[in-house]
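Scrolling down, you'll hit the structures one after another.
Shared chain: chain A. Partners: chain B in the first complex, chain C in the second.
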Partner chain A sequence: MEQIVLKTKSLNKRFGKKMAIEDFTIELEAGKIYGLLGRNGAGKTTLLKMISGLILPTDGDIEVFGSNPFENTAVLEKVCIVLETQLWEPTEKLANILKICSEVYPKWDQEYAELLLKKFNLDKSKKIKQLSRGMVSAAFIIVGLAAKTPLTIFDEPTLGLDAAVRETFYNELINEAQEGERTFILSTHLIEEVHRLFEEVIIIDTGKLRTYQPLEKLRQSGYYVSGKEDDVKAAVEGLNVIEMQRLGSLAVCTVIGDKKDAIGKPGIEIEPISLQKLFVHMTEHNKEENSNEL
Partner chain B sequence: MNFRIKPFVLSGINWGKTGMRTFLLIYGGISLVSIAFLYNLIAARSGTESLSYSMNYFSTFMIMILINGIVMGASKHQYDVWLTLGMTRKEIIVGYIVKFAIMSGFVIIAYLGMTYGLALVQSILFKTDFNSIVNTESLFTLYSLNPLTFVFAAFFMTFSTCAMGFITGIVFSRWKKIAFALILLCGALFFLATTNLINDPMGTLNLIRIVFKPVEMFINYYLGDHNAVTIGINNLIISVSLMAVGYLFTIKRIARIN
Partner chain C sequence: MQRKLEDDRTIYQQIAKTIEDDILKSALKENDVVPSTNQLAKFYTINPATAAKGVNMLVEDGVLYKKRGLGMYVSKGAKETIMKKRKQSFYQDLLINVLIEAEYLHISKEELADMILNNSITNN
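The block that comes next holds the complex of A and B.
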């Protein structure tokens, strides 16, 4: 049986009158990369903060490695969260931050941190204020990776990073995950770029769990039908079409449902739907009825 | 309970070093310039004059520490950094006490360094006795302190100032109206104290000191009327009281558990 890293049951978080997280129940297994997707203000960061013991839930249960993480050193030592906004003093030197981190995380790998500094081309004698936005992001990606914590959470970690550095990060993430001892939760808006990393995808919308599925299964929820407009129209008649795009005499339809409904119809091509398209569809509130079908 | 202190020690040393360096550079520079100015002024004479800087250093140190504490208290980022590193709230509170203590240590090192360093410069320039210059330093002479008891007293004075600034920062950042009311109250007390001082030098001040009077009496009974020890112990009690208040404020401030 797989080890359960995170278990929430009917988790709620209220800020004043606003419900940030509502009736959120989920179980995550060890050794996987999870993608946490949601629109701005959907409650992703609130959820991640509860997981890492930064804030308490209003009610409901949360267990990380079998225990409540709040004020629990034994659990907190196993969790590293890298937030979108970095909170260190601008005058703090990167070397000092890494030194402090090495004292906090029991499995900290200094050699790996040094290697990543080289890969990301960062000078650890620099102060935070001397680094660009992308460099700051890279610096805290190093913290997340070198911490070697069994559960590592990245909340929008790639802000300001150029494509080459992002690619390096993705490769390092895959390498770390392949060792099988670490679980990653990655919250991001760069869905198309990152989705190949995900084994399972969690979509959160207005504080509620919209879906939680393996990536491949989720992508089977819909498909594109392309071809000549007339052929496409004939093929998708009666199906759940969420979008149709025309380009001259050609058309591409996005369909939600099982692709076997369209297979075999003449003059069309069928391709798997992109995660981003699915995500947009599922979190568009005026199309809520459609998304509920997934 | 297993407290992880080392990260706060590392952070505190970094903070203390930065503070000490900044202070030594700015204040050391100003002091040397003023000594040089005085030397030029009296170069033709025998030069028995000496400058007493220590009170100025100390009050400036205190202002710097107070501001440092306020900035630290007002910046919610400071707590969040530790929280995101997985430190518990209890560890953070203990960690802040450790950081204040480290800062106090650096302040004392800087203070003694400045006092003795500048006394040495003066003794060389004016060809006077080093000890006689040190002995004129007002902070030592004011309370009849020897350097060791000074260190004891100064540590707790610095610590309490730092803690006071920290709490002020927290109050300011979250409860601006309460902070404003407190400032008004302190202003009124200060006004009362200073006006009363003219007619009754210790009258109003004793009202404030009365809280600590039993401890002071206890110490005086066993140790004799020793100013330095009394100052030190008083400041220790004030520090602990402030930290207790700070603990309540800080827990509320950083927990945000709604």
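The block that comes next holds the complex of A and C.
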């Protein structure tokens, strides 16, 4: 039996008249890397802040390691959240931040933190305000990694990071996940670059849970059909076509469903859909603009 | 080792296939150590559990074996095991596409046979 790390039930969060999170029910298992995907303003950060006990839900239940996380030290020392916007004072020195973290998180690994400082080329005597955007991101990635918390949340951690540093981060994340003792939630807009790291994908759309599936299953939920327009049209008749692009007498259709429905039909080729395409489809609201002619 | 994953199969199937390809090409020989799941995960930027699933699939097929604490190694007869399995899919996955393409290009069966017989790919 897999251990449940996190459980929410009918979670709601309202800001004034706006429902930021609505009827959100989910369960996460220990030892996996979860990808949290959503458009800007979809409610990802609000959800993650509730999970890490930083804000209270309007109603509904959250259990993290079996208890409500809000103002609960026993839970919060097991959860580390790295937010896009940091809560630290700009005048705070990096060394000081690391020291405070070492007191907050019982499993903090100072040696690992020092190693990461070197890998990311950071000087810990610097103050936050003396660092570039990318360096700040790197600094808080160090916090998330070295905290060694059983649940670690990275909310858009790679902002401003160059490709080399992102790669270092992914490699360290793989190392940490390898042992199977840490659970990670990673929210990102770099879907194509990162999605293969996920074991499960959570897509959130305007505050609601849109889908929650293993990556492999999600990747099978759509496909492209291409070929001569007449062949393609015949092949996809009656299927759930979300987009059709034409290129001369050729056409490519994006279809949602099992590709078995189209396999074997004459004159067409079938290709797997990209997760990014699927994501855009699932979170798009102005469907009229969907069919673009080339 | 193949540099990129192609996307059409599941990721763990692709991992298994790249290792199989290396064994077929003799880049990996019997009793050679294969890349660890950690190395595979980093190389392809994939989830380590997914990498492990691909490797374990090959253990189940008898292509790899595990030395406790050391890693995964190529089994004796692995190449033959893979060849036997791949031959089964040779017709439906590969040859059929060649035949379809030949039809598009109006290449007759005779011409095709001729190409095959006179082909000079060297067997290693």
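We take it that the second predicted complex is superposed on the first by the 277 of 294 C-alpha atoms of A that agree within 3 Å, B and C clash if a C-alpha of one lies under 4 Å from a C-alpha of the other, contacts with A are read in each partner's own complex, and residues count from 1 in each chain.
The criterion applied here is as follows: contacts are C-beta pairs under 8 Å (C-beta built on N, C-alpha and C of every residue); 3 or more make two chains touch, one makes a residue touch a chain.
Quick caveat, the model's predicted, so the values are computed rather than measured.
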item: Which superposed partner A:L76 touches (first chain B, second chain C, both, neither); value: first
item: Touching partner for A:L54 - first (chain B), second (chain C), both, neither; value: first
item: Which superposed partner A:F198 touches (first chain B, second chain C, both, neither); value: second
item: Chain A: partner with more touched residues, chain B or chain C; value: B
item: Chain B versus chain C as contact partner of A:N240, first or second or both or neither; value: neither
item: First, second, both or neither for A:N121, with chain B first and chain C second; value: neither
item: Contacts on chain A seen with chain B and repeated with chain C across the two complexes; value: none
item: Chain B contact footprint on chain A (complex, rising order); value: 14-15, 52-56, 58, 71-73, 76-77, 79-81, 83, 87-89, 91-93, 96, 99-101, 103-105
item: Chain A partner contacts - residues on chain B that touch it in the complex; value: 2, 4, 6-7, 10-11, 14, 18, 75, 77-78, 80-81, 83-91, 255-258
item: Residues of chain A defined as touching chain C within the complex; value: 32-33, 167, 170-171, 174-175, 177-178, 180, 193-194, 196-199, 215-216, 219, 271-272, 274
item: In the complex with chain A, residue positions of chain C that touch it; value: 5, 7-8, 10-12, 37-38, 41-42, 44-50
